[in-house]
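Shown below is the structure under consideration.
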Amino acid sequence: MLAKIHITLKKDVLDPQGKVIANSLSDLGFDGIQSVRQGKYIEIILNGDDKNAATTKLNQMCEKLLANLVIEDYSVEID
Amino acid sequence: MLAKIHITLKKDVLDPQGKVIANSLSDLGFDGIQSVRQGKYIEIILNGDDKNAATTKLNQMCEKLLANLVIEDYSVEID
Amino acid sequence: MTWEHKTDQSLVESHGLKHDEFDSIVQGLGREPNFTELGIFSAMWNEHCSYKSSKFWLKKLPTTGDRVVQGPGENAGVIDIDDGDVAVFKMESHNHPSYIEPYQGAATGVGGILRDIFTMGARPVANLNALRFGEPNHPKTKHLLSGVVEGIGGYGNCIGIPTVGGEVNFHPSYNGNILVNAMTVGIAKKDKIFYSAAAGIGNPVVYVGSKTGRDGIHGATMASAEFDDDSEDKKPTVQVGDPFTEKLLLEACLELMKEQAIIAIQDMGAAGLTSSSIEMASKGNVGLEIDLTKVPMRASNMTAYELMLSESQERMLMVLEPGKEEMARNIFKKWDLEFEVIGKVTDTKNLVLNMHGKEEACIPINILVEDAPEYQRDYTVREPAGEYQIDPNTLNSKTIIDDLVIMLSHPNLCSRRWIWEQYDHMVMADTLVRPGSDAAVVRVHGTNKAIAISTDCSPTYCKHNSFEGGKHAVVETWRNLVASGALPIAITDCMNFGNPEKPEIMGEFVECIRGMTEACTILNYPVVSGNVSLYNETNGEGIYPTPAIGGVGLIKDISKTKTIAFKQNNSLVYAVGETKGHLGNSQYLSIVQHKELGSTPVIDLNKELKNGKFILELVNQDLALSAHDIGEGGLLVAAAEMSLSSGIGITIDCAIKSHEFFFGEDQGRYLIEIDIQNDDTLKKLSADHGVVVEYIGQTKDAVIEIKENSKISIEELKNNHEKWFPDFTK
Amino acid sequence: MKSHVIVFPGSNCDRDVAVAIERISGSAPEMIWHKNTSIAESDLIVVPGGFSYGDYLRCGAIASTSPIINEVVKKAKAGVPVIGICNGFQILIETSLLDGALIRNNSLSFICKDIYIKPENTSSIFTKNNVVAKMPIAHNEGNYFATSDTIKKINDNDQVAFRYCDANGLINEGSNPNGSIDNIAGILNDNKNVLGLMPHPERAVELGLGSDDGKYIFEGVLK
């Protein structure tokens, strides 16, 4: 099973990287960029085929390790 | 328009972060993990509503800046 | 007492204001404050900004001296280091934010103290950090330790200021409330120091740096509240650091400071725009009028309340000479930073805030500052713990060396290499003595002189005798500077304590201050800056009193710099100062016998002074090859550290071989290494100075040996010494 | 002797390398702001260490799109000696002047400590002093990676400049600080006039700072 996890910064949290990327893109001549936010994308390959059990487990992984819930949100999806 | 960009390491590129995450997860008692790969997820909000034009532009952004094609692949998707 | 105001009582309470405090706001204003004003009062009158519990006592600290250019009261203290150069330094706490989000909390702590330094016109040249964590097996310790160290490194490495030293302790009293104290030292020219007093009616007030977002709103209020189990809910207030922007801000500010343009400058730290604007106005005895619509905003629809209380990082407020706006704007634009004229200096002595043409606040500055509450809280002083005699039956059959290995492997005495290797401690290419010696030594760029810096405190000493503990923290930094060959000049402090409304805690505070005062006075080692962090409690349990001290000294000629590393074989090693074997509250008791017992060692400050001067005389006459103060762990631990850092062993053949002798923590002592041909000179000099010196042994091979007792190879000891942090954090 | 040091927002070893160059060659380099588009005649161009653009997105990525970079690439292709140190190495890699990639240290931690490197190629101007040199590293992303084809190419073409080794010059796993393939610490371009390396020779030009072995790298160009 391939699990896809997205970890993004919460809405009001400063994203220094996104800011710099946006500036750099417009220096490169790309216009019309309103904002850029950078997050993490994690792919996990899991044994087994019980999607429900896996989702529970993946949520726990995010809560315990992968995401920093103080400033980040996460979402889990299984292919 | 919200564009979602995924940047992942090419298959044969070493991913030290993914490896460490996999180890930490199994130290935390999560079993059945075959592999973990960490990539980037970038959200860009663009003006306008021409999806085709935007896709072209986003591909260029990836080629020129967002991805390092020596070691990374990217994919672009518009909501 | 009944609540007689229109403003909701719970709203006032949730702003951390007491009833009588609110009464005096109403009285001062002649009306009830609106919501924005309430927020401003709450930020200004909390403990963190107003020092309401500590002010009375802080005034007792000695703050003047020949070399003091600026004492407490500005963004940082300033001392004269000759040739028109000054060192600018301060230490600050970021305890609560670091507990909630260790990486960002620690990182923004570093960012904040750096701004305090470059606001004064100094280029920061060194960072240090004093850290305290709970016991290692507490479930949160590993996460907090890793996050804090990574955050400190993340910020300091990126901005390119070396992190050259610090300290770290583990103790259960910090289980629910860690301490993260960051110190920065900068170098400036004496005639190019910048201050924060606003002046010049009509002059423009300028905002520079990052945009303002909803970061850390209520951060300062949070720092003044005790934690409870719900504190996890307060998480969303944590701010994120942006060291890259800070680097730009640093360069832009220093560039503008070369021009005659800045009248006053103040960083936006705790309570952001509120405290910075009010501080500038109050110092200059003027008013300020600000149009909040002009403040660069990151989030949409921000209210006046949010703009005033946001703790977004990497921002500064300045008053400019009229007509210099465009020149200044160009500099900040060059560095891709926000620059906006947001207001002007007025003669009303009021803080007036407008937004979209509407007045959002109008508060007389003096009510906010001079009329801020000040308390002389009740305090009780605990009876210091009594003497402790070691029970010979507890000594079991272990050899002295076995005990040494146990001690040097323990988290409180093992090598901190795992920490400092994550910090760039060499960038700027002036770090002459890296972490791992007594003080860090950083050359003043382009000169032949250097500053030495050390941070210290022994909370256990402070807990069991706050007066002696306060003395000790000051003296320990002083000794570290002396052992490095530096003339100690002045200190900064970071007073971390529990809830001051409890008389016992207030007593600890008062006694520590009294001890510090006595030590600073006798050593001629004044306090030039500092910070107070109170309410470090969780569920009613206070931390140990922790007055962290950062000392700065001057090495006039870098060739006189001393490190703790033994330099050669067959040197003689002497202990300077008297060894009696005080084991109360020692590391030996705590680590080997798992006891926290007995009295804190007493420091005789006059002997301390004499011994220190003697060491400096040895340095001056090039007699000491290496030097190390004898601190926690006692004489043998100090000797072993000299071996560990050099690979050169020592054979100890003095007659007394008791645990008291090797591990006692008598004060005012040093170990020195001298060439055998200088033996007579040393003896004569010590007699002239009236200083006790005792022969300990001879440097030899790669083995630490106590004659007729036991020995260990340095390699084996090193393996034990280096193991703990890497294993723990794996 | 004319040399140039490129300065990006977030560079922080620019001053260090300028001081080192002046110390070794007697003349101070000219500092070139990244928004410039030309560099005068030069005997050495240095892309210094630090955290250009905060290392955001990817180390060196944003700096590699700066206006000055076209000029650096042009000069490099014309044979002017170019050194990229640490972040400068990362930038040169992003410009494709040098092969491979620099990824996170295998420890996932920043590492600042002294290491030893051994020249592998002894024909380039940077490596002709064939001695084991001690100098600091200070980086998060110094783990050199390249596909096996690339590794073979740079080996065959004598493009490995330095490998991490121990004090005695032994190249082994224990002396590899960050997980780099085959202990690679620095590489050269085809022409051997462009050097990228993770260690900081500019921090090793005085014994008082721990080592002066950094001179071995600069001397060939500066004298």
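When the chains are written out, they are named A, B, C and D in that same order, and each has its own residue count from 1.
FYI, a contact is a pair of C-beta atoms (placed from the backbone, for glycine too) under 8 Å apart; a residue touches a chain by one contact, two chains touch by 3 or more.
Small disclaimer: the values here were computed from a predicted structure and weren't measured.
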item: Selected pair, greater C-beta contact count between C-D and A-D; value: C-D
item: Chain A and chain D, separation of their C-alpha mean positions in angstrom; value: 33
item: Mean-CA-position distance for chain B and chain A (Å); value: 9
item: Euclidean distance of C-alpha centroids - chain A vs chain C, Å; value: 36
item: Per-residue overlap in chain B, given as positions that touch at least 2 other chains; value: 64-66
item: Shared-contact residues (touching 2 or more other chains) in chain C; value: 242, 244-245, 336
item: Where chain D touches two or more other chains, by residue; value: 53-54, 56-57, 62, 65
item: Each pair of chains that touches, named by its two labels; value: A-B, A-C, A-D, B-D, C-D
item: List of chain D residues in touch with chain C within their complex; value: 9-10, 12-13, 15-16, 19-20, 50-51, 53-56, 109-113, 136, 138, 140, 200, 202-203, 208-210
item: Partner chain B, residues of chain D touching it in the complex; value: 57-58, 61-62, 65, 94, 100-101, 103-106, 108, 143, 145, 147, 179
item: Of chain B, residues touching chain A in the complex; value: 6-8, 18, 21, 24-25, 28, 30, 32-48, 57, 60-61, 64-66
item: Chain C residues within the chain D interface of the complex; value: 150, 153-154, 157-160, 242-245, 247-248, 335-336, 420-432, 434, 558
item: Interface residues, chain A side, partner chain C - complex; value: 10, 12-16, 19-20, 23, 68-71
